[in-house]
Structure formats: C-alpha cells, structure tokens
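Some structures to go through are shown next.
In what follows, chain A forms one complex with chain B and a second complex with chain C.
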Partner chain A sequence: MARTATAPGAPKTLLGKAALEVDDRLIVAGPLRRTLNKVFPDHWSFLLGEIALYSFIILLLTGTYLTFFFQASMTEVAYDGSYAPLRGIDMSIAYASTLDISFDVRGGLLIRQMHHWAALLFMASIVCHMLRIFFTGAFRRPRETNWLIGVALLILGIFEGFAGYSMPDDLLSGTGLRIMSAIILSIPVIGTWAHWAVFGGDYVGELIVGRLYIAHVLIIPAIILGLIAVHLLILVKQKHTQFPGPGRTEHNVVGNRLFPTFAGKATGLLLVVFGVCAALGGLVQINPLWLWGPYNPAQVSSASQPDWYVMFLDGSTRLFPAWDIYLPGNYNIPALFWPTVVLPGIIFTLLLAYPMLERKLTGDTASHHLLQRPRDVPVRTSLGTMAISFYIVLLLSGANDVIADKFDISLNAMTWIGRIGLLIIPPIVYVLTYRICLGLQQHDREVLEHGIETGVIRRLPHGEFIEVHQPLGPVDEHGHGQLAYGGAPVPKKMNQVGGARRAIRGFFSPIEEPAAVELEQRGEDRGLAPAEPQRELTTSGRPAEGGRPSEGGRPSEGGRPQEPRD
Partner chain B sequence: MTTHDTRPGSTGGADTPGPLHGGPDDDYTPEQLATLPREELDRLGARYDGVEVLHVEPGPEPGSALEKRAVRQVGLMFGLAGLSAFAFVVVYAGAGWFLPDWQWELGSNTFSVLYTPLLGLLMALAFTFFGVGLVLYTKKLLPHETAVQDKHDGSHFDRVTTGATLVGGLHNSGLKRRKLITRSLAFMGGGLGLMLVAPLGGLIKDPNEGDPLGTTEWAEGVRLVRDDGTPIRPGDQEPGSLETVFPAVPEGNRLSDAATMLIRLRPSQLEQATPRSGQEDFGYGDYVAYSKICTHAGCPVSLYEQETSRILCPCHQSQFDVTQGAKPVFGPATRSLPQLPLAVDDEGFFVARSDYIEAVGPTYWNRERI
Partner chain C sequence: MSTTNPQSDTQPDEGPRRSRWSRRPAEGSPAAAARARRRSKQRRRLANVAALMTGLVLTGALYSTLAPGAQAADEGSESSAEAAGRELYERSCISCHGENLEGVPNRGPSLIGVGEAAVYFQVHTGRMPLVRQEAQAPDKPAIFSDEEIDQLMAYVQANGGGPVLPSGDLRDGDLAAGGELFRLNCAQCHNFVGEGGALSSGKYAPSLEDANDLEIYAAMLSGPENMPIFGDNQLTPEEKRSIINYIQTITDMPDPGGAGIGRIGPVSEGLVIWVVGIAALLFGIFWMGSKA
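Up next, the complex of A and B:
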C-alpha cells in the first residue's frame, strides 16, 4: 500500500489518489476486483428473481413513505377529510388515515397504488422465479438451501401481503380478516386459544390492526430482508447455474463480468421495473377502498376477493365439501380447517421437501451446475405442470362467482366444475406433459440423426418424392448424423443455422434494398468479405442469437449448409 | 522482541512485513506492473479471480456513423428521462400553485382527475427512459465480452485444517470431560430460553371465560332495531322481504356477532316451512329471524333470493334455505344459521325471547360443549 503510493505508476489523478486513501484504510481493492470480475450467465429467465428483488426495493421505499401518514389505530372517529361521500361517517383511524393518504396527501394515492402493485409483482415474480428454478432443476445439490429460503420467502410474502391489505380496515379488508379469524378458530384443540392470542380476545377487538401493522412494517420485512441477504450471499458463493452449451461445463460460468456489462443491464432492468410499477400505480387503479366504506361486521360486498396470491386458498375454501368431523366428547374439527390450514400446509411442505424427495427417489446426489431442459426430465416436468394445473383450478375457483356472473354460468355449476376439475385435471395434465416431453425428446434425436427438414422436396429417378434434410454435423455412411444430444437446444429450422439472410435494417420502412443484402450475403458466403468475427462462446448457445456454434458438435462455419443429404 | 523470523504472520512490531505477507505483490513488482497496459492489468486481475476473458467484440469504432447513431439514441433516452422527471416535479409541485388544484372533489372532471395518472405516467417515463437508455448503452456502445469463470469445489486442505482448529478448541475446552459444566450449561440454556419466551405469555387469554363465543348481546326482551336504531313492528315489512336488524343496545349495529336477518316469509313459503325440531315456535307469525353471521367463515350472509328461499354467502357461496330452518343446502357451510326466538312486546315491537340457543358464527373445536 505504501508501496503503491510511491511506486511507479502511482495514481496522479485526484480520483486515483482518493481511491488510494480509501484502500490504505479499508483494503478493499482485492475484494472489489473479485466482485467486479464475477461472471454472470446471460439468459432472460435469470432476470425473474431480479424482478422480485427490485420490486422488494420499491416496496421498502414506498412502504416507508406510507408509514409517515398511516395510523394503525382502531379508535373510531368521524371522517372529516376531503372525500365527501364518507364525510361524517364513523370509521377507524386506520381507515380514515388511508383515505387521507389517497385524497389529502399530495401524490399519496400514487405511492399507495405503487406499493400495492409492487406487492403483486413481487409475489408474481417470486412464483415465476421458482417455476424457472423448478423446471430447470436449479434446486439440485448444492442449491437446496437456497430453494428452502426461496419457499420461506414465498410463504412470508403471502403473510406480509395479507397483513398489508388487512390493515386499512375497510369493508374488503375487514371481510378478509373475519375469514382469517374463522380459520384460526377452526384449528383443532388450540383454535380458540390461538384466536384469543392473535386478536387479543373475541373478533374483532381493538388490537388487531396495530399488531398487523408491526408485523407488516417490522417483523416480517426484517425476516424477508435477512433471508434475501442470505439468499444472495449463497448465490454469490455458489455461483450461477447455466444452461448447457458450447464451452459450458459443470466447473465454469460463461457470461459477462459484473462490471460494466451486467451492472448496466441489471440497473436498466431495475429502472424498467420501477417504471412499470409507477405506470401501474398512476394509471391502473387498485383497491379503491373509498368505494368499499369502513368495515362493518354486518355488511359485505359481493365478489370479495383477496389479492391474487391468497386467492388459491379462497378457491380451496369454496370447493371443499361441508364435512365437519365430530369426535367423541362433543368435539369437532370444522370443515374450514382442511382447505385453509391443512391444504396449504401440505402444499408448502411438499414444495420445501421437493429437492430432498427428488434426491431420494432418483438417487442423484451429485452436484449440478448445468441446468436441465424440462423435456429431458419428464417426470419432474409433469409433476410441475400437474401442480400448476391444481393451483390454477384453485385460483379460478377463488373467482368462481365473478366467472359465473360474467359468463352467465350457474354458481353451483362453477363449484362442481372446480371440485371435479381439481381431481381430474391434474392427472390428465401429468399424462399430457409426459407425452409432450417424450415427443420433444424424440424430435431432438430425430433432427440430430436425420438433419433439419429443409422444406425442399426432391423427386428421385424412380418417382419417389423425398424431403431433403440438412444434417447438423458429420454423418456416417448411411447419412445418419453422429452428434449426440448434449442437453442444449437443437436447431430445427434452417433459419437457425444461417439459412436466412439477415434482417433488413430500418424501423417501419426499410433503409436498405433487400436484394442488395441478399447479394452482400452471398458474397460473404463465398468469403469475399469478412463475416462477423468468430465467437467461440455464445451468450445463449442458440445460433439464432448470433452464436456461432463450434466445430464438431454444431453445424460449422455459421451453419452454412453443407452438401444436403437425403 | 523474541519473535523468530520464521514464525508466520508476525514480525513482532518490526516495520517490515512478515513472511506470509506478499502473494501477487511479490510476483509483480510495481515496476513490472507500471510497464503493463491497462487492458493487460485488467486481464491479469481477472485471471487471479479465476476469470478468463475469451473474446471481446469491441464497441463501435470511435467517430463512426454507427457510434454516432448509438450515442444519439442513448442521449435521447437520457434526455427524455430527465425531461419526464422535471415534468413530474413541475406537475407535483405546481398543482395548486400555477396549475389548477390537485385535490379531487366528487364529480370533478378537471385537472385533479388527471393528477395521479399524470404523476404515474411521468415517473414511469422517467424511470423507463433511463432504464432503456442504460440497456442501449450496454448493448450498443460497450464492448461485448465473453468471460469464463472457474467454479471450485471445496478444498480438502481447508476442510482438514479448519476441522483441526475447531476440534482443537473443543478439546482444549475440555467440555467432554467436565460434565458439570455441560450439565449446568444445558440447565442454564433451558432456563434462559424459557425466560426469553415467557413474556409472550401476555398474549395468552382464556377464550372460555364467560363464553364470549357462545353468547351475543341478544337477551330476553331486547328489541330488534334497524341500523338507524328504529324498532320494528310486525307488518312493517312486505312478505318475502329481508331486513338486517341489531339488538337495541349501545353500538348494537357495530357488534361482530349480533347482526340478524329478520325475514317475512311469503304465504307459499310459510306453507312449506319445516323449522328445525324444537324451534318450531321461534318464528312469529310469518316472521323468522336468523343470525346473519355465516356458520362457515363468519362473513355476513347477505344475498337473499326470495324465489328460491335461499340466502347466499358472497364469500364462499354457502347457501341456506330459510324455509328449512336456514339449513345449508349448498357450499362449504355445515351448520344451519342459528335462529333467534321472536316475540312482540307490550308496545307491539319485535323483541328477542332469549339469546341464540347455540353459538353464532364459525365452527370451532369445543362449540358443541358449551
């Protein structure tokens, strides 16, 4: 350090000197360089988790702003704010202050709606991120811990969201809270005791909004924040997974360094996520709670639905049959207990245990850093789509009254469709997915063996018509390709191996002559002009995205068609 | 100082680095590094971090038409972002100053309606233009490099040495032998753990004290009143209609479990009416009163379809038949809505004959026992 200050090449600029001063004290040059040099693989599906992270940042910022104005008190006051239809009506301070945020705080409505939209986006991106992780096998050893943390974040997100939308104490949130109260009461043995602990007495009491508030702004976010930190630390430590492709192995990561490429793109994404939330918050109304009015236990509006991430539980509650279980001693287990406590318990336990279950059942205990294509793991993929179809039936059933109303279907029929659909759709989806996976696998092998269909029909001397196939690599004496399947996408169209000329430049109207481009390309093909520089490695490995597949595994030389074979 | 020269990590206060100091600083002297160009230094550092830059596609040629166009595009994006952000500030701060007031009044159709959408739009444009500009910058102006970073498995050396340090510490503590310490530690741990969670006991309350779940404010002689507090006479309602009534107690219309539906049956409904056994006399003439709190999840059952005599809960679509003692006929509810025994007092107003004879609202574990 002292050496650098006097060494040849010591910094002469002010910034350089300042950096030296900092490093003299903190010795951060080494760790900083390692961070800047960290390589990130480049695939769109890796951005889903980032969207979750960025929407969480929006939630923290907008949420902190909202706490400046929201008062979590259930004390009754007469509203005297600027929303005329409710003036003079008795309501809790919580609801009145939420109305004030919407009507009397400059820009408050925008921030409140951004907060709500960002919450929906947060949960949606977590779910999409998990689906990506699930279907590509990214949860396998050594990443089980991060899977567990991810599921914990999902569950915490549901509770956080529920606490958040239950706080304003309007008619809709109060209805949700009433159902939550019933759910807690339905727990066998400890139900009433748990209810008294949570609500501080019989429903609704004076305490619950304050308790929801502290859970929503401190307890749950602090845990979420801590878990996100651990999630990211583990990710940095274990490094990213990547899809198989040229040059990619179990022992490396191919992509861009953090600085500046990845940092630029990630910051760009962060800003776009911010922009989307701002646009939704400003332009698309969400939860106009001044229309619902203050909570009143004797009132309810039709089509009372929770936010989307809780709706599957509303659906399961609607579908579950009226089965109370009576036990000796006049005890009973309410029907409500099964769809609202047991079912999510089973769902989330299975979700948590999945990596371990799969490890046990397949006996695959090896470390994996290369991802799998869903078609190559048909059982897991089919289980996944089966679970999704189960979930979607529940989700739609959570809105079955709205569907019945809008499509003029009997409400009872919707319930029965849901009940039957919940049992028969998932197995059908399993079988279909399994067949589709096998079909896709088979097609990959077929293309590798026989080549790409060119669409060119040739008539043989004896009159037979055949389609000319373009082999992807070297062939044996029978004309069969010798490439093995490598877990990466197989090009299936001539365009993907350079069969198409490049796109004509221009926005709306072309700025160059298609014919000239055609000619230029032919010239390039004959080696008249240098083609694009050779790339050994590609961002996505897909030739269509500019990747130049390497020799011996891929169509060589930019996929210029070799001698077509039959 | 007796520090030995070969003892690693320390030179005992002397102003020269110990022998473990060094690393790349010894491999590359400042003089050597000074001769290397910046690109080489970048690659060298990367190699130390296990990163190999395989291929760099340089950005556009400086001064080329391609570069100029990309720079114009990025500049335009950043400029538009700045413009939108300033416009946001102008709209935000200017409303009510040199722009019309932002506060919305019912029925207003002016600037105040546009205020929040305008703010959202401008903020969205500012963020999005900035983000798009950054992505364009990265894609069009920065060199595209492809880098490979090595992934290392755990090191056997690290495991063995760390293990030795940990086991050594445990061994020196003698906890394996000193049973008194381990036992007292376990005892203390249990005590401290309990002590720390004990204050949560303040949350626990007895739900069975006074049977709050099984009783409501209804009692003998309590009048049925409307939301506005007015009492009801037989004959006030049309046959086939439903009215929500509350007990005539202070704040009776805000109670969470007392809301009741007073229903006047049509003659045809009355003919087929089959009340629950033991509750045949709970109605009054063609009037019946049922709890409004759903026996499933506690929502107010509100939607009465008099043609089918059904009451529907909008939360989970349980349906109750008022001619059959409000028995659940569809959906997830398992129990009939409790019926309030009715009477008429000396002044001719409806009163309750007693509280509900069973618990109102959602089912719970020991409901049948109380």
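Up next, the complex of A and C:
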C-alpha cells in the first residue's frame, strides 16, 4: 500500500473525510466541539423552559400552515361553506376563512386546535419556568438580564395570544376586542388618541383584524424569536445554574453533555411536547368558534372569557368597585382604568424589578451559580407564594360566573369572596409559607445534628425506650453530628443513605433484575452508599469571572476550566 | 272620558260638559266674566272629582255584581279535566298561589292570566311544585304525569286565560336565522350554545341542553323566573320556531373537534391545559430528569 500524504490521525471513514473537508473551509470544529460539550444539569426542573421553547416551535409550524388559509379581511360576505347553521349569515372574510379552516381545509381543524393548545401550553410553561427560576433564586447576579428577557417574553406572549384570539372575528373574540378598546379608551389624556391610532377610528372600524394579523404573524413572533435567541445565548455564555450537592460547586456544572445525552433527552422532550399538543388538538375541542357565531356589536354571550393567561385581568375588572372619578370639565377616569392598566402595570413592574429589588434589600451583590432551596430563603419564598395566591384569586374571579353557575354559588357571593379573598388570603399565605420554610429548615438541622430516625426502638437496661438515630457523619462526644448544612437536600430516610438495598432502576417498569441487584449489593460492603447513585454525569468548569473579589474564599485559579473539557 | 285633568282648560269635550254641569250662562262684563271663569273652574274641578268617584264606584259595583256571576257560570260548566286540575291545584299549589289563583304575598305570584304555556313550562320541567323558597326554582324530575299536567293546564287556562301552547312542528324554521336571533335575544344569559350562565344573587339562566321544543317555546311565551316574555309581536311564531330549530340542532350536533369540555370556551380550556397538558408534561420531565 502506498503511503498517503495525510497526517497521522486523519479520518479514514467517508463521513470523517467529508467532515474534514467542511472544517478545512469553515473552521467550525472548535466551536462546535465546545457547543456539543456544553453540560446541562439533569434536574427535571431545568426542562420546564424547554417545554416553552418546543411549544413555540410547534406554534411556528402550525401557525405557518394556518396562514395559507386565513384571510385577515373585515369585508362582509355571506357564508356559503359546509357549516349549515351559519349558511347565509353575513360575516367578515376573516371569520368565514376561519370556518373554512375548521370545516373545509384538510387537517385544518386539527392544526388550528393544535395551534391554540400549543399557545396555552406556551404560556403555562413560561409561568412554570419562571416560578422555578424565582423560587430557586436563579435570577440573581449575573442572570438579571435573562430574567428581564423572560418577563418580556411573558408579556409579549400575552399580547401575541390576545392578537391570535381576536383575529378570527367571532363573537367571543369581538367581545374581547371591545373590552380592549374600552381599556385603551380608559387611559387618561392619551386614551382617545391611542384608540384612534390602534383602531384607525372608532371601534370597530375595518382595519383592526389586518393590523392584529401582521402583529400576530410577523412583528411579535419575530421579537419573541429574537428574544429567545438572546435568552439562550446568554444562558450558554453564563452556563446553567445547578442545585447544590456532592461535587457541585459555584465553579462547575454537573450534568450531561449536550451531545449525545442531552440532545437525546431534548429530542425526546420535543416529541413528547408535540405529542401532547397533537393529542389535545385531536381529542379535545378548543375554541369552537362556529358555535360562537360572527361578531356583531349588538350581541354578547354570557361566560365570555379571555384565554387563561389574560383571565386574571378579567378577574381584577370584575372585582374592582365601580369607582369612576369625575373631573371638572366633563372629564372622567373610568373605573376600568385601575384594574386593567394600573394593576398589570404594577404587577409587571414588580416582576421585572424583582432581582434588582432583592439585590438592593439584601445587599447580596455576589455572583451565584448554585441555586437555593426555597426553604432556605423564606422571605422570597413567602413573597412568591403570596403573589401566586393573589394571582390565583384574580384568575378564579375571571371565571367567577362559570364557577357560580356550575357550583350553585351566588355570583354576588363569588364577587365578594374574590374581593375579600384578594386582600386577606395573600398575607395568610405569606405567614403560612414562612412558618413552613422555618419548619423544614429546622428539620434539616435536626437530622444533621441527631441523625436519621431509623424506626428502631431500643430498650435500655433501666427501662427507658429510645429511638436509634443514624448519624449522617462523624459525631462529637455527645453524639451530635458535626456536618454543617450545605444548601443541599438532607437525607431523611435510611434507604437514602444505603440503609436498604438501592432502588431498582426504571421509571415505568424495572429495567434490571431485582435478584441481580441483590447479589451486587451483597458483594459490596454494606457501608453508607454515596448519596448520588451511579449516574453518568460530567463536571464542567465555569469561565472565570475576572477574579471578582466577591467570589467568596475561592482560590483564584481553583475553578479555572480545563480547556478541552470546557 | 273620565280621565279629566283639572289643570287643563282646553279639553275638547269641555264645551258640552260645561253646558251639562254648569247651568250658568256666560255674562257680558269682563269682571263678571272673570269671576264666572274662576267659579266655573272651581266647579269644574269639583265636578271632575265627583265624576271620577262615581265612575269608580260604578265600576266597582258592576264588577262585584258581575264577577261572582262569571265564576259561578264557570263552575257550572267546568269540564272534567278542569275539575281534576282544580283537585290537583288544591292539593299541590294552593298554599303559595292562593285559593283563587290570586297568589300569596312573598310566597307565590298570581296565576290569573299566565295561561297554560306557563303551567306547562313550570310543571313539565319539574320547577313546580317548589321544594323550598330560594333564589330560583331549579328544574328537577317532573312530579306530575303528562295527563295531570294537561289537567292543571286546563284549570289555569279556564281561570283567566293567557298564552296557549302551540301545535305542529316547532323546529319548522330557518336554522341560520334562528342562530342569529338566538345570539341577539338569548345568548346574553343562556350563553352562545345554551349552556346557561349565572345571573345576580344566586339566580341563573338554565342550560337548554335537556329542554324539549315545547318547553323552550312555552318559556319564550311565558317568561318564567327572570326571563323576559317574548310575545308574538317581539318574536313571531316563525322566529320562535327558528330559534328552537337552532338550539336543538346545536345541542344535538357532535363536536367535530373532539371532547366538547362543556363548550364554554376559555375557562374549561385553561383548566385542561393545566390539569392535563402541564401535568402530562411534568410527568414527562420527571421521567427524563433526575429528582433532587
């Protein structure tokens, strides 16, 4: 065989050679390897944001299909499609084309329903993701920017959803749009002008559906997409946070590499999200707008609600007293202004500013990459649950007529339950959460000091009964444990520290033979097993942060990443 | 003619009446004329009051002589159905609606003039007889048989008259027009698809899901509970039939998109996305990720 001119270690397979050719031209091997080696923590809660990402992808795909058939025009036509109960009725082309999507376009109804379910899921998963970030303190320095972007995505999602809800020009969406028009009009000084700018005249005009359409399919999605990109780039640059635990420090990330493990998981999750949306879209009817009928300002239906992510504003409107303010000169500020403009303004400002507020109030300006357990920050946790309870009262009040109807409660009673509940439930929730946090903290300290309760009762020679405790580490002369609390979960049961045979692996069904595990365990010394079972995890260093003095007690070179591992 | 207004001097029938009641002819001098005018004005007022009183007394007397007679005549020619209806009425309805259907304050309204349509609706949907006084009578399984309901209807109809039940095919109307009328007249309370909805203080518009054609028609005619009456000059019989056609078509229509989840829109949809969607995905990520 003749010697070739290739360097030692050159690729020999076809694929490898092709890759070399590409790399020769584009020089991508380095960055690509670094990207593929990125380490993702493997805690389940880190996947909440991914659900939002994947539902957004589904929204883009299904939405694109819908644009082929939807016509954003408010020109009146007489309907002449498949749905008999509306045939011959005058309606806008927008509504007629949505009916056609539902009844006359192949797969149209499935795609429309998937699109709507994915939208609800997008907003719900954003909220879940945001709650995880909030309660674990993941928004702290250096991640405030990503928090701001996240809140911006939430707000944009609300507007995007509202635009989509309003476009079909059915009786429900028209009612929502009428309320939006009233909200804009209620803003002092600029209200009328803003309304004229948005609607191009008095309500409803003939422009609004076209404008909503462009906002819905182009402007807002483009901004959302851009913000998601920035969100992820910042995430990659700053690296993930992680929960504290053995081997997990402020200077590394423990988890799975992007390739192959995390890529596999992510693909799996994408398919699961797709599956859930497809199943809901195919099996559960959403927004059956053929039943609502075309929009007509003279008509309105009871139980006209917005989608769930706007329902809290409907709730605040229902609860707020009718306090119109009359000013000299025939001006007034309608009561609607406070619950629909001022209240969300305050809520979202607080949400945006929370990382900065907390930094200011606690004086904690250090960088944090290890997450906090919610119990360890009782004030923040209690504020969070308080805010959630406030929100839930508003959300339920948004549906209070349906609740009143279905549960045989007086609607007036529901309103007063909401009004009083809105004021007294959040403080109660704050106090309760605070006490629960302290209780959980104390129990952790108790176990660290006295050990795990084994359930073994021993009778001493003089008759006293004691429960045997298993210390978690070395003890002092009084038998008290000497381990300090490290912010990580403390084992509370004996089998968490190897007191029993380790758990058989498998989520749905065992993936290993129990007998084999038994044998394997017998072969081992029955000492305390490591808390972390044998999972394939990788440690990755963090980029140094310019040797900030705030990196408490860290040797200046200690956490330097080793180059090939990144 | 008895509604004379004492303030008004320019009644068209003033002339002949003055000539009848004030026998004093008009005199020449302006002072005398003015005095006469004042006097005649006063007199006229008195006369008007007297006329009114006489009219009222006469009407009352006429009524008191005629009304019992009418009732006696009724009793004489009462059919067997009406008699049976009276029997049922006296056993089950009399405590709230009174001995002569005149109603009992704070208990039950008068049934004079409500007609058989109201009886049919209230009794056939089980709303009457009432279990207890509350914000609104709920529907429940009917207590009376169809035959007994007919007897009650005959009894109430015979005593005061009122709207009667229609006959023929009650779905004989234009479907799409019925939908438009339904959204215009009914959806405010009964919801887009007749799911019903809450009203103030524990009152509600019931779901139309289980209502039959005749019940819906009778409800429109009689306006039970908080519902307005849609008389034949508000909604013509054809329009009523169109509305019934729409309601029953929508109710019987399968949901093309899958499970209907109550057909009430965003509330149940929000519930489903959290309880089903998010729960399923949490399960998925528990499966994929590790626990703390």
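Criterion: the second predicted complex is superposed on the first by the 496 of 566 C-alpha atoms of A that agree within 3 Å, B and C clash if a C-alpha of one lies under 4 Å from a C-alpha of the other, contacts with A are read in each partner's own complex, and residues count from 1 in each chain.
As a convention for this text, contacts are C-beta pairs under 8 Å (C-beta built on N, C-alpha and C of every residue); 3 or more make two chains touch, one makes a residue touch a chain.
Keep in mind that what you see is a predicted model, and the values were worked out from it rather than measured.
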item	value
Touched partner set for A:9, first chain B, second chain C, both or neither	first
First (chain B), second (chain C), both or neither touched by A:276	both
First, second, both or neither for A:106, with chain B first and chain C second	first
Touching partner for A:299 - first (chain B), second (chain C), both, neither	both
Partner chain in contact with A:115 - chain B first, chain C second, else both or neither	neither
Contacts of A:410 with chain B and chain C, given as first, second, both or neither	second
Which superposed partner A:307 touches (first chain B, second chain C, both, neither)	second
Which superposed partner A:34 touches (first chain B, second chain C, both, neither)	first
Chain B versus chain C as contact partner of A:200, first or second or both or neither	first
Common ground on chain A, meaning residues reached by chain C in one complex and by chain B in the other	84-85, 103, 109, 113, 265, 268-269, 272, 276, 280, 282-283, 296, 298-304, 400-401, 411-412, 535
Residue numbers on chain C that touch chain A, as the complex places them	135, 175-176, 179-180, 183-184, 187-193, 195-202, 204-205, 246, 249-250, 253, 255-261, 263-267, 269-270, 272-274, 276-278, 280-281, 284-292
Touching residues on chain A, where the partner in the complex is chain C	42-48, 51, 84-89, 102-103, 109, 113, 116-117, 120-121, 124-125, 128, 171-172, 243, 245, 265, 268-269, 272-273, 276-277, 280, 282-288, 291-293, 296, 298-308, 311, 399-402, 404-405, 408-414, 489, 507-508, 535
Residues of chain B defined as touching chain A within the complex	25, 30-31, 33-34, 45-46, 48-49, 51, 53-55, 57, 92, 95, 102-106, 116-121, 123-128, 130-135, 137-138, 142, 144-153, 203-208, 212-213, 227, 244, 246, 253-257, 259, 292-293, 296-300, 302-303, 312, 314-319, 328, 330-335, 361-369
Chain B contact footprint on chain A (complex, rising order)	3-4, 7-9, 33-34, 37-39, 82-85, 103-104, 106-107, 109-110, 113-114, 175, 178-179, 181-183, 185-193, 195-198, 200-204, 239, 247, 250-257, 260-261, 264-265, 267-272, 274-276, 278-283, 296-304, 314, 317-324, 326, 329-336, 339, 367, 369, 400-401, 411-412, 415, 533, 535-539
